[in-house]
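Heads up, the next two complexes both have chain A, just with different partners, chain B and then chain C.
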Partner chain A sequence: MGAEKNRRVSMDPRSGLFLLIMANVVAFTQDSLKMELGWIGLLILLFLLCGCISAGIKYGLVFLAVLAIQWYVLPVSPKIIATSFSIFANYARRMFPCLMVGHLMVKTISLRRFIVGMRKLHVPQKLMIPISVTLRYFPAIREEAGHIRDAMRLRNIRGMEMMEAMIVPLMISASETAEELSAAAVTRGIENPAPKTSVIRLHMGPLDWICIVLSIAFAAAAVIM
Partner chain B sequence: MSNSTNGKMLKGKDLITIGIFSAIYFVINFIFMLLSGFHPMIWILMPAFIALFSGIPFMLMCAKVQKPGAVLLMGAITALIYFVTGQFTVIILATFVIACALGEIVRSATKYNSFRGNAIAFVCFSLGMTGSPLPIWLMRERFLAQISEQGMPADYIEVLEAVSSPGMLIVLFVAPIIGAIIGAFITKSMFKKHFSKAGIV
Partner chain C sequence: MIRIEKVSFGYGEEKNTLHDFSLLIPSGKCILLCGESGCGKTTVTKLINGLIPHFTENSTLKGDVVVEGVRVPEAELYVLAKHIGSVFQNPKSQFFNLDTDSELAFGLENEGMAPELMKDRLAATVESLQIQKLMHRNIFSLSGGEKQTLAFASVYAMNPAVFVLDEPTANLDEAAIGRLREQIALLKQQGHTVVIGEHRLYFLAGLIDRAIYIKDGFLNQVFTGEEFWKLPDKVRAHMGLRSLVPTELHLPEVRRASDDLYVKGLVVEGLTCGYRKQPAVFDNLSFTAVPGEVLAITGPNGTGKTTLTRTLCGLLKEQSGKILLDGRLLSVKERRRESFLVMQDVNHQLFYDSVWNECEQAAGTQDGAIEAVLQSFDLLSFKDRHPMALSGGQKQRLAAATAVLSGKRLLIFDEPTSGLDYRHMMEVSAMVRRMAAEGHIVLVVSHDKEFMRCTCDRVLRI
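What follows is the complex of A and B.
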């Protein structure tokens, strides 16, 4: 327990989810630059507090770069490039806070704690298992795709064949993983109907409450303005 | 361990299978969503592109999980992850719910194991993504005003207005149907060529 505790400050999964919802509300309703900067600044502060210092700084720099591109580079670049990329920059700006919260959650909240959090929120088991498997499987897809790409390069596969050569092994390995994972999970009692227990105990700390209050404040301001 | 003795409830294994194939479906979906940022036309045709390429994960999942709720769960997971990327609207939620419900109805009517039934369910499921560009038509004025306030360039909005004629609305719905049908045929040939031989389905 001590090892869990003193590693770094981290958010409760429930307040993380709440923050995510609020980030969505803010992203869709706000339209003033001051609000946006304040909100991003706050999230960067949260990154720093949670110990993800380099990621926080990186996000800050990328955001500034997007702003700089939008304001200074695009107005003077050729029209076709300007149109396509200003949409891209715009999307990026709108998605930024949500992505930041998502990234922070993935980085600081282990899947185990996330599952305990979902269980506390009474998310049905039938939704919880697939979601946790999906989240865990994304990195596996990336790894798998890397291997397949290497193999394709060795055999010099090009063009339309590439699609087939990529998706077939991916699917085969996916269904194999499904078999193996279910065998492992069933032997560990995933189908046991009794309520599950966990060594992890969640409690909302001061950081969680501060996050919740501030995000409500921002969302409210965004809706009113 | 046949379905009839196990009942039609989703078990741990089914849930894990759904989770894994949803991850692959989402990756395909997300790639096209990113591409759609480049031109309004790609955005409108996005549901069709996704349908064309996501047939294999969807149909393979259907072949493996022949129980009610699979399509609904896949839709729910996709919707929830969309939420993280901030691309989530009430309209997309509504179209997803309708599309998944239709898919479930088709599958239960065709007893879950017919390829044709699953293909029709896939057509229904693919229509769920139409909720992404649909606001252009449903709340035209408000939507255009909103994105211009958020700093979308004026020429983008002009192009968007030009391509979003009422005729394009039909394209928006017909294109995914065609895409899904072609996707289902591709899947069928893949099943024959690879997956049946490997004993996956």
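What follows is the complex of A and C.
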């Protein structure tokens, strides 16, 4: 959920969330290979449509690799490896669609559009402010932590001592950053109770409706079968 | 109009930072608040934008502040936000979004402005501040100066009557300061009231209607713009103020790396640096720095000063080139052992629970020297204090002291004077000179010409 990029097609955050829920339903109820392949194929198609071509192809290849391991490698490997890895491979396959949808959302839906989407869904402001601040706060802290690590290397502080020494400067820097961020936010009226607006207009396009309909169809089929 | 009436203010139980302070600022005027660090400038800016008392715990406020007809101590902050826009010192921590477009719209979205109106307002802001090239970008890809411009723009978009700027130049290079000057001129021309608390003064020449000199929490003197810019240098320095005119820097160029690489000091030969998989930040850089001299490294933001210092300190591996100390080729690891970086935010490099322990870790086995070194850095009487309880200048000296104790030869100071007043700048200057005189190789990365002129012997421009 980085900066907004000009993509040709991008999902509405609401249909993205819906797709994520449906992906979970399908993942834990379906039991047929055809359906699984269809579902994965559909998601790869969605990747390609959203312009994430290389990521889509990579997911396809990784999925095939998991299948190959499950079908051809595990049956001929020693028993101890086969038993310990077959559960792992099975779950990796099941979680695969959820991972794909999550990745697609992070890649194509900017934080800004996500927040507007959440507002449209009437997620309370009390929840939205902490979520958006947290998403903004962590990259800032990571930057600071990098500086602190540099400083420790120059002082030749290592190992366990490093963990201990990190705490004070990190806490100081985290609390300063929090204070400065909040000061900047309140002086720009973040506490204003007026309903928030946005220049971004979200609307559900054909792609969104197709995603919703198809995912419902898959989920229904998975539950019934 | 801003009316501050008989205000006394103190944080917690401590003594007051402002005493019986009264000030009337008519609409459309541009006012400078000046004085030494800790004189109460920032307190006055916070009185105006409402961070005092609304955002300050355990404080005592007497008196009254009225801005644009709104009584600040009683109004909600979001009501004040419509009338007063604030730009702060640290460009890193003024953002709420990850992309520039959202940030610009942030204040307007909070106000609940209609989307159509908002679009027009945003377009007008981009146009009048000429920030087309800042739009559609990730905030983390902006330089410090660009971030500060964006912070200014997002406040400007809200079109408040009053602008409060608290040390806006502390982290800016010369070009960014020039842009800020233009922005303030634009505000003046549009009839906004502008209040600036600043240490760097030269860039405000011709913009200021009144300069308010604050000393120890009292309003000491009020000057008109003309009077202020005619202050003789001696008087100005005695008041603890930075130069009123731009500083000309006529330092000799850095020593070139000679064919003889085996001279005493630091020799950099054909250095090319960059981050993985990205084009080199600079290439084929060669120079020499000798003990006893202070070398300034200067240049606009984003030209690789940070990359160079990190490489010299062994925090980053060079792509090609050589770094030698006294004729000996240094590996990355050896560079880490021989060099030290005093960071701009010195809080990042103090780790222990007392000044003494901090030094003990740095000194390793030779802890006999600690007392003498602390004495020379004027820190001995604080040896049992927690480093975080020291003042900014003391922390900086402590970081430098740890470098001396661990026997580092090469010392690099990164922006050591950002946000410092005249007296503190001179103290840093004296410390840097002393360390060079003791035989260290000292490099100073800085934008601060006034500081470089009185501290450095040569300059490397990149």
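Here, the second predicted complex is superposed on the first by the 163 of 225 C-alpha atoms of A that agree within 3 Å, B and C clash if a C-alpha of one lies under 4 Å from a C-alpha of the other, contacts with A are read in each partner's own complex, and residues count from 1 in each chain.
As a working rule, a residue touches a chain if its C-beta (ideal position, glycine included) is under 8 Å from a C-beta of that chain, and two chains touch if they have at least 3 such contacts.
In this text the structure is predicted, and so the values were computed from the model without any measurement.
Judged by the touch definition given at the top, the superposed model places A:K34 against neither chain B nor chain C. When the two structures are aligned on the shared chain, A:R112 is found in touch with chain C, with no touch to chain B.
When the shared chain is aligned, chain C comes close enough to touch A:V199, but chain B does not. Residue contacts after overlaying the shared chain place A:D150 against chain C, while chain B stays out of touching range. Contacts of A:I190 after superposition: both chain B and chain C are touched. After overlaying the two complexes on the shared chain, residue contacts for A:R158 are found with neither chain B nor chain C. When both complexes are overlaid on chain A, the residue A:H122 reaches neither chain B nor chain C.
Residues 132-133, 135, 168, 172, 177, 181-182, 185-186, 190-191 of chain A are contacted both by chain B in one complex and by chain C in the other.
Only residues 1-4, 6, 110-112, 132-133, 135-136, 139-140, 143-144, 147-148, 150-157, 165-166, 168-169, 172-173, 176-177, 180-199, 201 of chain A touch chain C when the two sit together in their complex. Looking at the complex, you find that chain C touches chain A at residues 49-51, 54-55, 76-78, 80-82, 84-86, 88, 90, 92-102, 105-115, 118-119, 122, 136-141, 151, 154-155, 158, 310, 313-315, 336-337, 339-341, 343, 345, 347-353, 361-362, 388, 402, 406. By the touch rule above, chain A contacts chain B in their complex via residues 20, 23-24, 27-28, 31, 70, 79, 82-84, 86-88, 90-91, 93-95, 97-99, 101-102, 126-127, 129-135, 137-138, 141, 164, 167-168, 170-172, 174-175, 177-178, 181-182, 185-186, 190-191. By the touch criterion stated above, chain B contacts chain A in their complex at residues 10-13, 15-24, 26-27, 37-39, 56-57, 60, 64, 69, 73, 76-77, 80-81, 83-89, 149-153, 155-156, 159, 190, 194-195, 198, 200.
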